[in-house]
Amino acid sequence: MKISARNRLKGKIVEVTKGATTAHVRLDVNGTIVTASITNEAVDELKLAVGKEAFAIVKASDVMIGIDD
Amino acid sequence: MKISARNRLKGKIVEVTKGATTAHVRLDVNGTIVTASITNEAVDELKLAVGKEAFAIVKASDVMIGIDD
Amino acid sequence: MKISARNRLKGKIVEVTKGATTAHVRLDVNGTIVTASITNEAVDELKLAVGKEAFAIVKASDVMIGIDD
Amino acid sequence: MKISARNRLKGKIVEVTKGATTAHVRLDVNGTIVTASITNEAVDELKLAVGKEAFAIVKASDVMIGIDD
Amino acid sequence: MKISARNRLKGKIVEVTKGATTAHVRLDVNGTIVTASITNEAVDELKLAVGKEAFAIVKASDVMIGIDD
Amino acid sequence: MKISARNRLKGKIVEVTKGATTAHVRLDVNGTIVTASITNEAVDELKLAVGKEAFAIVKASDVMIGIDD
């Protein structure tokens, strides 16, 4: 499937932590850690595991801009 | 200010396009383009302009994970 | 690509309205109209047009529940 | 209350799973399962339970569009 | 309709600016201005206008926390 | 850091509840309780605790408008 979300950052999964319903998945993207909070079910369905390649995907309207003071 | 949002990707602004109310700001983050859809007012207040350093900031609950089929 | 977003509603595009930077795409999903607010660039890249089949995709953390009073 | 969110999908609750702080509520919407990740408190306040009618409500800016490759 | 979104801030509309597709609505909430970016259609449907009472409604998963350095 | 998010509501933390992965932080903002659903890690990093001053921060595209029927 192709999706309208503008942002796709390629990385490698470095941590998968399942909670009661919500999991945290961490990717190493060029040395920066990106954290995704997704459902446990998505982790199972996509078979996400440490060491696999994955993309962090973000809709443009969910990206903010920050600048140093 | 320090903020709870988990994801902060450093880049350089390569495009600022203002619409009627909504602007698109594009950052080059290690060679990957990240697009943010923010208000025109935020562009003005932060004086965002091509060539400046900035961060793409994303709350963890707004990050999805994708994998190649 | 497979994506972690839990919600995928199949429909047919009934309207595409581009604004200055932001487009509205409307799908007919089993007789209910679903509106997506996405970037003009995504409309172009996916070649979205009236009559085409498409999916409305929503992350579970972006879904609220309402009940009648 | 009337709300600006554009998308309202009527369904029947088929599952309510509470976690430590976050609950997953699943609706059957015309045969498609829609998952909402909401707070446990909202589940209690709205008395959400299997078999009740409810709406999945989504802001237009949280809807993405996908197409088959 | 009752909705699962946890946050409801009562205010008075002080500005409505329509763009090509996206409108900005500003509320005065106890002296603090709150800006909502919603569709033009929602502005029309709810007949939003300066001087009217309204609520800013936000899902808990869309709220971040900031602290002064 | 300065951030593009338009909405910043000053309050005092009245509750911090950590779940397995997701925490709920409640602020008293002029007598209205605002609930944020954030990661446990953000709670630790910002040392969020009852009685501290903090801001609820929300991107304009995550704010909906509601009106009484």
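By written order: A, B, C, D, E and F. Residues from 1 in each chain.
Convention: a contact is a pair of C-beta atoms (placed from the backbone, for glycine too) under 8 Å apart; a residue touches a chain by one contact, two chains touch by 3 or more.
This is a predicted model, so every value here is computed, not measured.
Peer 1: What are the mutual neighbours of chain B and chain D in this structure?
Peer 2: A, C, E, F
Peer 1: Over the chains that touch one another, what is the least number of steps taking chain B to chain F?
Peer 2: So the least number of steps between the two chains is 1.
Peer 1: Looking at where chain A touches chain F, is over half of the residue numbers used by both copies, so same, or under half, so different?
Peer 2: different
Peer 1: Measuring from the mean C-alpha position of chain C to the mean C-alpha position of chain E, what distance in angstrom results?
Peer 2: Spacing between the chain centres: roughly 22 Å.
Peer 1: In whole angstrom, how far does the Cα centroid of chain A sit from the Cα centroid of chain C?
Peer 2: Taking the mean C-alpha position of each chain, the two centres sit 21 Å apart.
Peer 1: For chain C versus chain F, what separation do you get between their C-alpha means, in angstrom?
Peer 2: Centres of chain C and chain F (C-alpha means) sit 29 Å apart.
Peer 1: Find the geometric centre of each of chain C and chain D from their Cα atoms only, then give the gap between the two centres in Å, rounded to an integer.
Peer 2: Using C-alpha averages as centres, the distance is 16 Å.
Peer 1: Of all residues in chain E, which are in touch with two or more distinct other chains?
Peer 2: 1-6, 19-20, 22, 24, 35-39, 41-42, 46, 55, 57, 59-62, 64-68, in rising order.
Peer 1: Return all touching chain pairs.
Peer 2: All touching pairs, sorted by chain label, are A-B, A-C, A-D, A-F, B-C, B-E, B-F, C-D, C-E, D-E, D-F, E-F.
Peer 1: Show me the residue ranges of chain F that touch chain A in the complex, using the header's touch definition.
Peer 2: 1-5, 19-22, 39, 41, 59, 61
Peer 1: Which stretch or stretches of chain E touch chain D in the complex?
Peer 2: So the residues of chain E touching chain D come out as 1-6, 36-39, 41-43, 45-46, 55, 57, 59-61.
Peer 1: Under the definition above, what is the set of chain E residues touching chain F in their complex?
Peer 2: Where chain E meets chain F, its residues are 3, 5-10, 24-25, 27, 29-30, 32, 34-38, 42, 46, 48, 52-68.
Peer 1: Considering only the defined contacts, which chain B positions touch chain C in the complex?
Peer 2: On the chain B side, the touching residues are 17-20, 22-24, 35, 37, 61-62, 64-69.
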